[in-house]
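One structure, as structure tokens, below. Some questions next.
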Amino acid sequence: MNNAEDKLLDLTAAVRRYVTDGCHLSIGGFTINRNPMAAVYEIMRQRVRNLHLYAHSNGQGVDELIGAGCVAALEIAYAGSGRFAPTCIRFRKAVEAGTVAVEDYSNYQMTLRFLAGAMGLPFLPTRSALGSDIIKKWGFRASRRKSDPRLPNHKLVVIDNPFEGWGNAQRLVLVPAIQPDVTILHVQQADRQGTVRIEGLPFTDVEQAKSARHVIVTCEELVATDRLREEPERNQLPFFCVDAVVPVSMGAYPTACYRHYDYDPVYLNNYRQAALDDDRYPDYLDEFVYGVESHEALLDRIGIDQLSRIQADPRTGYAVGLDRR
Amino acid sequence: MNNAEDKLLDLTAAVRRYVTDGCHLSIGGFTINRNPMAAVYEIMRQRVRNLHLYAHSNGQGVDELIGAGCVAALEIAYAGSGRFAPTCIRFRKAVEAGTVAVEDYSNYQMTLRFLAGAMGLPFLPTRSALGSDIIKKWGFRASRRKSDPRLPNHKLVVIDNPFEGWGNAQRLVLVPAIQPDVTILHVQQADRQGTVRIEGLPFTDVEQAKSARHVIVTCEELVATDRLREEPERNQLPFFCVDAVVPVSMGAYPTACYRHYDYDPVYLNNYRQAALDDDRYPDYLDEFVYGVESHEALLDRIGIDQLSRIQADPRTGYAVGLDRR
Amino acid sequence: MPDYTGREMMAIAAARQINDGDIVFCGTGISMLAAMAAKHICAPSSVIFFETGAVDSRLEEVPLAVADSRVMYGTAVNGSLADSFAVMQNPWTGRRVVGIMGAAQIDPYGNLNSTVIGDYSRPRVRFSGSGGACDVASFVGRTIIFMQHEKRKFVRQVDYLTSPGWLGGPGQREKKGLSAGGPAAVITNLALMGFDTQTRKMFLQGCFPGVTPRQILDNMSFEVDISRSREIAPPSEEELRILREVCDPQRLILN
Amino acid sequence: MPDYTGREMMAIAAARQINDGDIVFCGTGISMLAAMAAKHICAPSSVIFFETGAVDSRLEEVPLAVADSRVMYGTAVNGSLADSFAVMQNPWTGRRVVGIMGAAQIDPYGNLNSTVIGDYSRPRVRFSGSGGACDVASFVGRTIIFMQHEKRKFVRQVDYLTSPGWLGGPGQREKKGLSAGGPAAVITNLALMGFDTQTRKMFLQGCFPGVTPRQILDNMSFEVDISRSREIAPPSEEELRILREVCDPQRLILN
């Protein structure tokens, strides 16, 4: 995190600098929207290993990183890609095979965990999950937690309300902060300094970024600082939170980017078929990830016809009438 | 809080319905900006008494309510109006005379207290004020707190970090939630349903509104719902949080409203002179508050010449070159 | 009587449970259709609300996920996840929220599993996990649950308690520190199940047309009271028209 | 040597304490002028930052309060109070923040009072209260304090400890749970005071031109080490030009 005026970097260099073997990584987006897919594919191509991955409800990005064997441990609320994969497929297979360690939280708990990190707090309280197995059952054992200084000693802690019933609450769950080594977001606009504008729903991207030691932002459009500052109300992340700005056209593809393009149902259905079939999956990786040298090359392979089908309608922000079967 | 399509109400009726003797009231704005002054003056004219008032750094609104004798107790971080009154004058006099009970917090603590209320939590943690008298010295005694169900039993509670040093914190302060009976905001735009758009800095208005049982919004412009929904990213408060929408032109006067008008240095300097002089202060109230029947009548008394001097420049959002001595 | 599918019946049965003025928390899939249909059928001023932060979305097309760009269009506010869950945990707004959700397993008290089948540390089947379901189930005034009526899904005890229902029975939610709300209805491909206000146990509230109480019991791993069952009215032509022509003309969810 | 006022000297002395790259938390009044001047004098890529949530404001005119509309113009982000204090409590950003603040009383460890003179429950004089000062003093990497050099303001013990400085001495902040940062300098109308890195006690770092160490001691209720004092350079013509012509041409703060 710095204020240097110019943080422009290319994607290969940004991933190489900040996403190292064994690092604690968080990626923005939600299910099939605004996943930082260009960065995800670059991480896969760089064969980064043993990632400790944090997400709340990240679908496609999580599943691809797990599928490529980049992930050793995962803390998550939801691994699904909407109708395209109600449960992410490579995620499911890896957990059932025991090759990825998982710690489950609820979506609000994960949000609060990033928020706690962003606020510089060790924890935040909530009433969510009292009485549930999310509190009782731990994915990472106590011994593992105690021996790793990058993990809190407890998954969750339940306390009595020290204000004795104030706020009509007898008991609270405390969720521990997350401080990732690096968070990667894909957004609509950024300037060279790193100020960020997200259009549509921001999900938990802002909290994920502020909780992290380093932040990589990939963006559809690199915008002049003066233009972003004409309407500061629409900007969410100040430049001093950001380390690297990487313009990547269609950088969330095959997930959606509001007001730019929709998710690609053809790619996602094709992915599902490949993911379901252990024999075909390596071919998918070879063809669409390892076999292309950049995101631009992937988009070339998909072709202008398909990409033009998912271009967003300027009125609604998505591709009206797109065949999504 | 309801969804009724049309929540338009006139100011007299809105104040009469929601701001009753002894109620717990919170007002938005900060020092000399976006105080809901039209509503404040209406509360004064209705001679509401024994208010329990919450603010973070509200200057002019707090001082006028105290000056008119509406306030019995105050929880606040900062009572000042910038260069016009580094300490609010009627506030200072009332506290020194012992006629208003005060509980002091820091600005972030007050923010977190509203946020806790908005989040439906009894408290939120922070590291602010450890080792200070804000923790040690209570304005409201323990006996008073225990006997009033609308006050938490403790001003603040300090706990050891249950996550044993996680987040580099040994100790945390827990600040208790505020749930006002009513919050009043003044904003730039709202629709009849109650969706709110604030321009420039939102301060803590959004949290103050969401923490309250009832919300009155006064607005410069009543805008069509469809227009607000063209850019939902710029709206902060959904309609289901709001009870009453009251269009009041220059409703923050004599404080500022970004992109509409500046604060009025003439009025604020005149106010300061009157506030400093116990003999003159009743004349101020008679002339500018009780002696006018509405905010519109106050503006008429001020006159178009002075009001035009403080009109905002469309480029900057304030009155460029205004004589502010 | 018009022809209709089981999924259509489920969507309509759920839509009828929504009251005018409700803030409707929608998950992915059929719950969105139910919420969309309710606005046209019985609850014109209900508010469609997503955990992703979208408030009162103008759904011109059916979203395929709660983060679909379609939920972002024409909203009152495009908030964050932190905002949306706070609406549900907040006492004033939370009590007005009705949550609609699905799960892999349900027990007699409406506790839900959407995490694993088998042992948590070595699951036989892994599902998506809670998402916002546990949060909604913890916070809001009322939840409606979609389930397929199968023995392996209606179980005495869930393998993993993801989303709290009535927990172990009356008073348990309050004791644990949850909101006073809880499961109100389970809508399956065969029936509408309610929860007894005294015992908090599931009972058969009504069968869909042509379904017998016996069939219901045959498709569950636990017994329920069937004495209060009545036949549910089939979808009307108008209800079907709305569902098919307005809500999901491409049959993305209905098929 | 150009003519200048005490206030001008204070503003320049503070501006010189700001490093390039600092995120500068400004209060009302002279601290804003110091931050504005620093960007032209020594720290072009410092960032002006207000507790109200404005980041990197384009200050074409001097604001008269931290909520003045002038701080909202041309910012990178117009955030909320919750956002701004989180920047300071956050370890990565907070350590880069330098906070500038004033107070009614200060003790030898830089603890500040801006709440009351006299007993808290029956104050002789009431001030504005903490505002964001206590938060900033609790969180950030470094604070700079403005004070008038008077016996009643430099006191052995503050009547009310509003904003924690070094508390009771070395290790006390960490023990109480505060950030590792703390007071770095006190800038008065007469001198620049520092804090010893071992004892955390205030010492005289330098006198303004024409001021003697004796005068400093005469205007304080406690003793400080004066052995390390050096004379502070007066404002240069360029520094004064910036302050007078660029920052506050109306002399709203300077007078």
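For reference, chains read A, B, C and D in written order, and residue numbers begin at 1 within each chain.
Criterion: a contact is a pair of C-beta atoms (placed from the backbone, for glycine too) under 8 Å apart; a residue touches a chain by one contact, two chains touch by 3 or more.
None of the values given here were measured: they were computed from a predicted structure.
K.L.:
Distance-wise, how many Å sit between the C-alpha centres of chain A and chain C, to the nearest whole number?
P.N.:
Going by mean C-alpha positions, chain A sits 27 Å from chain C.
K.L.:
Averaging over Cα atoms per chain, report the distance between chain B and chain C in Å.
P.N.:
Distance between chain centres, rounded to whole Å: 40 Å.
K.L.:
How many angstrom lie between the centres of chain A and chain B, each centre taken as the mean Cα position?
P.N.:
About 38 Å separates the centre of chain A from that of chain B.
K.L.:
Which positions in chain B are in touch with at least two other chains?
P.N.:
120-121, 126-127, 168-169, 172, 179, 200, 233
K.L.:
Indicate the residues of chain C shared as contacts by at least two other chains.
P.N.:
Residues 72, 78-79, 89, 91, 139 of chain C touch two or more partner chains.
K.L.:
Looking only at which chains touch which, which shape fits best: line, ring, star, complete or other?
P.N.:
Here the contact pattern is something else, fitting no line, ring, star or complete shape.
K.L.:
Which chains are in touch, pair by pair?
P.N.:
Pairwise, the chains that meet the contact rule are A-B, A-C, A-D, B-C, B-D.
K.L.:
Please output the residues of chain A touching chain B within their complex, sorted ascending.
P.N.:
Answer in residue numbers: 116-117, 120-127, 152-154, 157, 159, 161-164, 166-169, 172, 174, 176-177, 179, 199-200, 233-234.
K.L.:
Which positions of chain A touch chain D when the two form their complex?
P.N.:
On the chain A side, the touching residues are 1-5, 118-121, 179, 193, 195, 210, 212-213, 228-229, 232-233, 235-241.
K.L.:
Using the touch rule from the top, collect the residues of chain C that touch chain A in their complex.
P.N.:
Going by the criterion above, the answer is residues 28-29, 51-54, 60-61, 63-73, 78-82, 85, 89, 91, 115, 120-135, 138-139, 160-164, 167, 172-179, 250, 252-253.
K.L.:
What part of chain D is in contact with chain A in the complex they form?
P.N.:
21, 23, 45, 47, 55-56, 58, 72, 74-79, 86-87, 89-94, 96, 139
K.L.:
Write out the stretch or stretches of chain A touching chain C in their complex.
P.N.:
29-34, 56-57, 59, 76-84, 86-88, 91-92, 95-96, 98, 104-109, 111-112, 115, 126-134, 136-137, 139, 168-172, 200-204, 206-207, 256, 258, 262-263, 312, 316-318, 320-321, 323-325
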